[in-house]
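Pasting a structure here, questions to come.
To keep things simple, chains are lettered A, B, C, D and E as they appear, and every chain counts its residues starting from 1.
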Amino acid sequence: MDLDKLRKTAAEVVAREDVRYLLGWKKGTFGYRIAPGFVEDAESAAELIFSPLCTANLATYLTLTEKPPLPRGQEPDDRKVAVMVKGCDSRAVTQLLIEKGIERESVVIIGCPCPGVVDHELLAEKYPETEETAELKWSDKGFLLLQNGEETEIARDELLAEKCRLCRYPNPVVSDIMVGEPVETWEPDDDQGVAEVEGKNAEVRWEYWQEQFSNCLRCYSCRNVCPLCYCEDCILDRLNPTWIYRSVNFSENTAFNLARAFHLAGRCIECGECERVCPANIPLGKLNRKLAREVREKYGFEPGVDPEAEPFQASYKPDDPEEFIL
Amino acid sequence: MSANYEPNIVAFLCNWCSYAGADLAGTSRVQYPPNIQVIRVMCTGRVNPLYVMNALQQGADGVLVSGCHPGDCHYMEGNYYARRRLGMLKDLLEFVGVDPRRFHMSWVSASEGHKWKEVVEKTVEDAKEAGPFEGFRRRQIDW
Amino acid sequence: MSAMLLNKEKWSDFVGMLAGKNLWAPRESDEGLRFVPVAEGEVPTLDYNNTRVPPKEAVFPQTETLFKFKVGGKDLEEPRPDQDAVLLGVRPCDARAMHIIDELFSWDEDDPYYLKRREKTVLVGLACNEPGLNCFCTSVGGGPVSTEGLDLLMVDLGEKYLLEEVTEKGSALIDEVKELLEEADDNSSKQKDKLADEAAGKIKRSIETEGIPAGLPGLWEDELWQRVSASCIGCGTCTFLCPTCHCFDIQDETEGFEARRCRMWDSCMFREYTLHTSGHNPRPTRSERTRNRINHKYSYYVDKFEVIACVGCGRCINLCPVNIDILDILGQVKEEI
Amino acid sequence: MSEKPKVGVYVCHCGINIASTVDVEEIASFARDLPNVEVARTYSYMCSDPGQNLIKEDIREHGLNRVIVASCSPRMHEPTFRKTIQEAGVNPYFLEMANIREQCSWVHDDLEVATPKAKKLVAASVAKVRLLEALEETEVDAEPATLVIGAGIAGIQAALDIADAGFKVYLVEKTPSVGGRMAQLDKTFPTLDCSACILTPKMVDCAGHPNIELMTYSEVEEIGGYIGNFDVKVRKKARYVDFDKCTGCGDCANECRVKDRFPNEFDQGMGKRSAVYLPFPQAVPAKYTIDPEQCLYLTKGKCGKAPKCQEVCGVGAIDFEQEDEFVEFKVGAVIVATGFDPFDPSKKPEYGYDDYPNVITGMEMERLVSASGPTGGKITINNGEEEIEPKEVAFIKCVGSRDESVGNEYCSRVCCMYTAKQAHLVREKLPDANIRIYYMDVRAFGKGYEEFYDRVRRENVRYIRGNPSEIFKRGNKLVVKAENTLTSTPVEDEVDLVVLGVGMEPRKEMRDIMDLLRLSQSQDRFFLEAHPKLAPVDTATDGVFLAGCCQGPKDIPDTVAQAKGAASSAMIPLARGKVTISAQVAEVNEATCRGCGFCVEICPYSAIEMVTVNRFGYEIEVARVNEALCKGCGSCSAACLSDSIQPKSFRDWQILPQIAALGAMK
Amino acid sequence: MINKENPYIPYNATVEDTWYETGGERAIKTFKVVFDDENIRKSWEHFPGQCAMIGVLGVGESMISISCSPTEGEFLRFSVMRMGKVTQALHQLEPGDKMTVRGPYGNKFPLDQWQGKHILTIGGGIGQAPMRPVVEYVKSNYDNYGGLTMIYGARTSGDLCFKEEFEEMSKDDQLSCHLTIDIEEEQWDHNVGFVPQILMDLNPSPENTIAVTCGPPIMIRFVLENLKKLGFEDDQIYTTLENRMKCGIGKCGRCNAGNMYVCKDGPVFSYAALKEVPEAFA
């Protein structure tokens, strides 16, 4: 990835009059951290990076930004927001378009073809973090780690994030500007995480998930970070009616986690953010990917690919599978 | 499972086909197990999949959703939407280890009083085999 | 108060002797490290940096029943009193944190739930020899061997643990396991000081807090808040997992004919936290909420209780999914003051 | 909603229907302990006058504002008890029924199991009734007019009935003339009336009826609104002949430079016509039309020195400047009578329809035997070499019907009879011909049909049971290859003429009408009626009715009967002058709607639209329900992730407590 | 009295009387409530400005101003606007029904310190609820105060609370009562206009006067402005704040306005104190 080109493009975009700010990735404050950056002027574009550390899906911010009551007479700022997207992130944007969560004219999409990002936890485990900020680059073999002045070659397979192993759209599916050449797509792995759970018998599965769900803190990070969870007033913490009580125990946690996953059926674009941010390390990705796979294989639908598609949950085919019906 | 365990089943029936079918079963004095309690909705399309989860959480051992056969929906398409949504839900529940015998969906038309009986029998029998569903109960919590 | 030594070989005996006491210690699981009741026969290790969920949950559980009642009834039943508990291996910062929130739970009106549990809980601390990446306890009045809040401090001297009594509760505990212990000598205390110095030296991150509490109110309107909160996703991780955060919500819940009123952790980073039913929200965006979080810890709490409500455990830095770093914010605050 | 709910529970004995299997007294005493229940009583027949009065008295005496009747199915008596409580001043929607008869006492025979179940059902009803909301039905005026689409016999009959009753009718026909398929028929089974003789007077009536505004050569462009208030826009296609001036003399057609150059649709392409034409001599209105795709002037911009027609038309009716015209009007009801298409036998190539001129369809046969047809009623046929009078005639039935291979599983219901009819006509005209009919079954179900079939058989028409597999040419004969399934012998039958008894298919263009009116198709692709038995002329769209073959194959008597049915149904709102808009409709919470439009996609009645509202200074899109169109199915609601759209009376906060009540009582 | 054993445990109380003050979607209903326990009835003390957590078991609790003065008798009065879950459940209560009460919470209007001064209350809408006890208190202690003026307004006459008391008040010649509604109505023979405007028209002297105000935020803003114009000093003006609260005893955290807990340090604040709190007018 040619960073200069990326920064130049970004600088040009933020300089545009009709652009409010640009969402990109910046170096974080320590270790392998990356911080989402809100770039408002051309100079700051120089801080942008794009590296295998850039896991965050910035499309989230397109809908996360609140709209506090405008003082009377003040016009809303409806300039565009520019957003840098990897392949998976671009699918979030597309899905948002399908769901009218955003309007096409309200965004400038800067596509960043992505050879795959790393699993931060694995990385930190194998190459312990230091307070110095480290850099990670794509290399021929996989990744090149620059940490405290030292360079380390790391094989791609060693660190590649699970979502990337399974990725089928490393190149942005929608963009206004592309930085860099499209990457060659790869054969997605079999989803071992899901298969492993499926392989267990029902009771073991239930126990497995009960254990996982009991850990849930109900912090709602998974929901907040998800680019496709953007209801004004989420039903999962609404009081009237109360679908799910606020107390934290496995019954409510299970209800919460299932409902969250279900609401994303046919919408989740498998960016893996929810799993990444979950402070309780709940393997949310397995839930999402299981549903995504069913949606794909049984119903022939893939979210976030075709902006003209009918939303999965609001459509049907007369020949949808029904072998489960008595 | 203890032989005399009686499962508690909540059923969501569409007003036009299955509820009418269940009524017909009554009019024809067809006998079936009493474990099933019906909540009437206008269309299976109304059945929010979260209802199914909620019922399991609130104390149901099994849930049944029943509506018109494809193409016969009083509202033309409601049952198609229901089929898709609830099919997904079934996959999800199964994936987390909820016994698939706890949740069924069926098509029962207004003229199928006998089919209704069969569906109820099957649902009850399955729920019986699956046993009491304590795993997910709110009541399990130390109140 | 005196100090004793425990040979690590006797560690499992030590744990065994306390087994009847509702012993809690960190355990590793899928979710990471967390304080949990020690299972029968389990010998916890103390070889860890710190838990994800702070041990505050032992005295201030995430969900707690205030009282129960029957639906439609009017008789209230208070929950049964809690057992005594011993928390093994609490890091000094987390103990200090409890010490700090003791103030809150006992000012003016006492909070009986918290205070009773606190009273019945013995905190056995473990001094830090290896501080974590983002620890900055020394900047906020703590340190790797701080004993504030603890009843007993253990220091890992290599082959032995040094056990320092801090409170009566600590002494009483020591009495119960006296037979396993030996009297500490001068040497061990020197060793401890040395380790403490070393550990303090290894702490990489810091902030000069001087001036922050006084300066913060002046930055109320500063656009700094907007800047530092832009990427916040409002997930509340920083507050749920902060050992000094203590906000809670109260809800009534029913199941069948049983009901209870309970309280559960809440976070000032959530939108609903301050939302009025009318739709008016005094803190409408993440920027006001972030401002409140920082101000609460570094200014309001100081005003009320004369102590910074942050113990520098670094959890919020480590766990924020978008790298919102309290030290970074404080640094910017200092610049603006 | 803030008044305290005061619930009365009424448990019906239903004689012994309930009381013998459910301990009604126990139910009542159980109900008394449920929250908000003020009174609980039992009575032998709640639906009787004294039963209803019991409720009314309690409402008065105890100030009840919610009522539960635990008795039979709500499908039975909900309206009864709604009325009861309404009469006592309680909103009729504050009623819940616990179905303890059809779904409890009648399906269980043990007091020990039926009683606890009935308790649960009552408890769930109490949980819900406390949370119900008062609803008001609204009434809007109905426009006293009807739109009839399609002027075949179905449309004509419906239009005449409605017009005779004194309501305005807009009759819109796509082709230049009314009459439809029936006008093409020669004689009609089983009575052998001449089709034209019985149809033409009706056609004329409907053109002249003061209440009918006939729009031929026109199509409906747009329909908006809802029952009682449809807004219709019709495109009147340019005829290029001034409608008022044309006298129907036909001089133009005679002089047309491309005279008799084009296949005449009315004669199934067997006859020829000019670019300016009258579809058939008895066409109504008798006004000529220029086919813009054939007219030299209109296609090439030039027709000799000057268009011939223009020259010869004595009244100067030819007007090449004419443009399509649009008319808009309002109606209260719509009848769809767009008819059918005959099956296209090209889809069965084994019968060689495309290859051999002497393989023809039943429809062509109608024209061939018709005195007004291309041959003047003489049966002659070109066998590929010469024009002959056929000696050997074969009919094949069920072509394109009851045939999965072409996707038509249904029976077309007329082919049996019209082949019999045509066989009879052939026998009449060619007394010596050998006539055989290949058939699968003979369905002579109508009045006088079996008799007619017997008569034809006695006229020396041979019925061979077997479905021909192939038709091919041998010399100047056609060979029909089949197996006689009665004798299990193969047949190779040499004939001069094969008539394919083609069935009916839905009109190819019916999709347009479906979209216009939000109609759907049934399995057979004809329009779907609201209920196959009890609402065969209604559709899922209120105020839209079906008549004739667009709903499914039928003969003329059935078509006319259905047309009359549709007419009277359509007249109900017109006669009442008002339509009631259901109160149980969906409602959007605009404060939480996220504008995703899922509900819009889902609603089968297009009852939801997105509107822009101002939320705290920002323009945002939210959903809004058109209450007149919504039927309250609630499909939208289950898809709404933010639960922002909810059907009244079936809202989440009304159903969830019901679930909780059922779950709680183990 | 606050339950010292466990401040989260409410007392049972019975609704003795209720009536609607206003109608509509956001109706206001008043409850007259009596504690079930004789001892609590006797030992309960509250003071104008304080509030209580009232609730319905199984639904929840809401903080509501005690809208009666302790001088009125051994009962409590609450006027509740129907807003959400809890207030809706409260509205369903009828005489004889139970509710729970805990408190009293918050500080009080420093009526002791105000002795000898003229008291001016300025209320709008439901904001009159905390004003009413002040009025009642002063009314029963006229000797100790230099006079009493009440300004109260609402959008329409139908939106005014405590209507049944106005007639008697108008007969009270020690009380100067000024009612107003936003828009002209038939059969309304009081003022018409916004509260801040009526205040200006009245032109009260700041001399030895304390102004107390409560109402919708926008009203408060203009009232404060106008009081300043009239020459009131910051420490002569008092108001009450309203923030979301759960515990009522300064633990649950959410009601803070800057470093103040509204439930403990408030809800009554002098304008002088509020000016120090940046979040007060958020």
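The rule is simple: contacts are C-beta pairs under 8 Å (C-beta built on N, C-alpha and C of every residue); 3 or more make two chains touch, one makes a residue touch a chain.
Only a predicted model underlies this, so the values are computations on that prediction, with no experimental measurement involved.
**Student:** Could you name all chains that are in contact with subunit C and with subunit E at the same time?
**Tutor:** Touches both subunit C and subunit E: A, D.
**Student:** Let me check something: if the centre of a chain is the mean of its CA atoms, which chain is farthest from subunit C?
**Tutor:** Max centre-to-centre separation from subunit C belongs to D.
**Student:** Going by the average position of its CA atoms, which chain sits the greatest distance from subunit B?
**Tutor:** That would be chain E.
**Student:** Which chains are joined by the largest number of contacting C-beta pairs?
**Tutor:** Greatest count of contact pairs is found between chains B-D.
**Student:** Distance from the CA centroid of subunit B to that of subunit C, rounded to the nearest Å?
**Tutor:** Measuring from centre to centre gives 47 Å for this pair.
**Student:** Can you work out the whole-Å distance between the CA centroids of subunit A and subunit B?
**Tutor:** The mean C-alpha positions of subunit A and subunit B differ by 36 Å.
**Student:** So the centre of each chain is just the mean of its C-alpha atoms; given that, what is the distance between subunit A and subunit C in Å?
**Tutor:** 31
**Student:** Residues of subunit B that touch two or more other chains: which are they?
**Tutor:** Within subunit B, residues 49, 54, 57-59, 71, 77, 81, 85, 137-138, 141 contact more than one other chain.
**Student:** Among the residues of subunit E, which ones contact at least 2 other chains?
**Tutor:** In subunit E, residues 84 touch at least two other chains, as defined above.
**Student:** Identify all positions of subunit D at which a residue touches two or more other chains, and write them in rising order.
**Tutor:** 591, 602, 639, 643, 652, 656, 660, 663-665
**Student:** In the complex formed with subunit A, which residues of subunit C make contact?
**Tutor:** Its residues touching subunit A are 29-32, 52-53, 62-63, 133-134, 204-205, 227, 230-231, 233-237, 240-241, 249, 251, 253, 262, 264-265, 267, 270-272, 281, 284-286, 317, 319, 321-325, 327-328.
**Student:** Under the stated contact criterion, what part of subunit D meets subunit C in this complex?
**Tutor:** 35, 591, 660, 663-665
**Student:** Mind pulling up the subunit A residues that touch subunit B in the complex?
**Tutor:** Listed in rising order, the residues of subunit A that touch subunit B are 197-198, 200, 202-210, 243, 245, 247, 249, 251-252, 254-255, 258-259, 261-262, 265-266, 287, 290-291, 294-295, 298-299, 312-318, 320-322, 324-326.
**Student:** Please output the residues of subunit E touching subunit D within their complex, sorted ascending.
**Tutor:** For subunit E paired with subunit D, touching residues are 27, 29, 82, 88, 91-94, 97.
**Student:** What residues on subunit E touch subunit C, complex-wise?
**Tutor:** 2, 4-10, 12, 55, 57-61, 83-84, 87, 98, 217, 242-244, 246-247, 249-254, 256-259, 264, 278-279, 282
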